[in-house]
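Since the structure comes first, as structure tokens, the remarks are kept for the end.
Chain nomenclature is as follows: A, B, C and D, assigned in order of appearance, with residue numbering initiated at 1 for each chain independently.
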Amino acid sequence: MTKFTADEANAFLNGAFPGRGDENQVVLMEPGRAIVRLEADARHLRPGGYISGPTQMSLADTAAYMAIMTVTGLEPMTVTSNLNINFLRPCIGKAVLAEGRLMKIGQALAVIEVDVRIEGAEKPASHAIVTYALPRKD
Amino acid sequence: MTKFTADEANAFLNGAFPGRGDENQVVLMEPGRAIVRLEADARHLRPGGYISGPTQMSLADTAAYMAIMTVTGLEPMTVTSNLNINFLRPCIGKAVLAEGRLMKIGQALAVIEVDVRIEGAEKPASHAIVTYALPRKD
Amino acid sequence: MTKFTADEANAFLNGAFPGRGDENQVVLMEPGRAIVRLEADARHLRPGGYISGPTQMSLADTAAYMAIMTVTGLEPMTVTSNLNINFLRPCIGKAVLAEGRLMKIGQALAVIEVDVRIEGAEKPASHAIVTYALPRKD
Amino acid sequence: MTKFTADEANAFLNGAFPGRGDENQVVLMEPGRAIVRLEADARHLRPGGYISGPTQMSLADTAAYMAIMTVTGLEPMTVTSNLNINFLRPCIGKAVLAEGRLMKIGQALAVIEVDVRIEGAEKPASHAIVTYALPRKD
């Protein structure tokens, strides 16, 4: 059962990260899976006109964070423990999607796989494995 | 021999990333080593008042990029191939430093170790290993 | 087009790694995908009776190496550049399979995703992303 | 305070991993730091005469495991959660050393940095970051 909708997820992110702007928009929340979308502008580009590495990392991190909350519900104090990202292809286009899928959720840790791709592209521009530490339940 | 100074590095970043703002400031460039500094504001915080993971990743990526250029000189098309970051401790404070040190530079790849820490803190908040693909010389 | 069969792959491994024993057996080679199988014995176990981490790493590395050769043909001097493995669940059983799938193959690097699982199990025990440097063609 | 000596560490490893042979020898245990040594033979080589990637991974994993126990004492059920290794240079020689240093030890996780180098060499052949999950204290 999904704990909340994409609209609720965006409202949560806007409240929890007041300085973030509204760039990364959650567009899908279903059990174990979340998709986040960004419309890129000049702030997100690197030399060559590519969407920058840090932009992709930030999207991947958010997609992983929200994929966990499809299962746990609202847990702002879930924190990234490890992120490993491989850049596979140039990321050039107007909108980028990051899709996070839960690989494992245990008592202490969750591991999420994330594909980052240009909207409409078949192949991912980058691929991340993200580990989050879950808050202790005592 | 260092190929350029911290001031030249900042001028390069401002030109190559016109949308970046002037947040990440290079403060040291010496052979094989670069330090980048950020004064954090509300945009960089996550729940708990910590400096966010993506903020630390972005700093680490920039420190690695500049550490390479202490050796290669100006090479904007050097691109991140892999970034692996471990978050070790809460990152709470006003200014953050990322220090990149070259571990290896070959024909195709460079590998850089980066410590991210609050200015004045002894222990790092996070630690990254970043691999960059170097442009081909033909 | 697959460049060689599983039998040819095993013959290649036995010749290239004369000291390896015949533990890791290639059981499938198809374009972009290779599966390697190990029958575990006491040498592969760690406390708790689990198949050890290094055993899983070695299998993942071999599956990645062979997945590349489904596309490149025989290339012994393809060398691991980075391996990142997450252990997801206890790995307990008699035979283990590692399945490597090519995510990207470029001029300099190939990136492979590997699932390691007990034969017959649905969920992976571990998951690796492996980057190999390809020999230069001059 | 170091919880046990290198001799005690080797006795522990031989008991806990009865099938391992006596290849990886602990040669130093001091608070937060352990060094493991391997004399390489044909089983450890890959094409080109290099000490193989899996051999280096196994050594790095053992050095990390023992570095934790310099602080925690005997804890066989400490298990690897993530290992990320970068291969930096060819590893050619008779004996290899892996030196693990604790970067962080918390309630749930420990993170260890490991350098693998040929005995007598100045520069590392590979570098790993290893995360172990610590057994729960209830």
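FYI, contacts are C-beta pairs under 8 Å (C-beta built on N, C-alpha and C of every residue); 3 or more make two chains touch, one makes a residue touch a chain.
Predicted model only: the values in this text are computed from it and were never measured.
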{"item": "Starting at chain B, fewest touch steps before arriving at chain C", "value": "1"}
{"item": "A-C, C-D or B-C - pair sharing over half of the B-D contact pairs", "value": "A-C"}
{"item": "For chain A paired with chain C, centre-to-centre distance based on mean C-alpha positions, whole Å", "value": "29"}
{"item": "Distance between chain centroids, defined by C-alpha means - chain A, chain B (Å)", "value": "22"}
{"item": "CA centroid of chain A to CA centroid of chain D, Å", "value": "33"}
{"item": "In chain D, residues with contacts to at least two other chains", "value": "81-82, 84, 86, 131"}
{"item": "Residue ranges of chain C in contact with chain A within the complex", "value": "84, 86, 88-89, 103-104, 111, 113, 124, 127, 129, 131"}
{"item": "Chain C-facing residues of chain B, complex", "value": "81-82, 84, 108-109, 131, 133"}
{"item": "Chain D-touching residues of chain C, taken from the complex the two chains share", "value": "16-21, 41-48, 50, 52-54, 57-58, 61-62, 76-77, 79-87"}
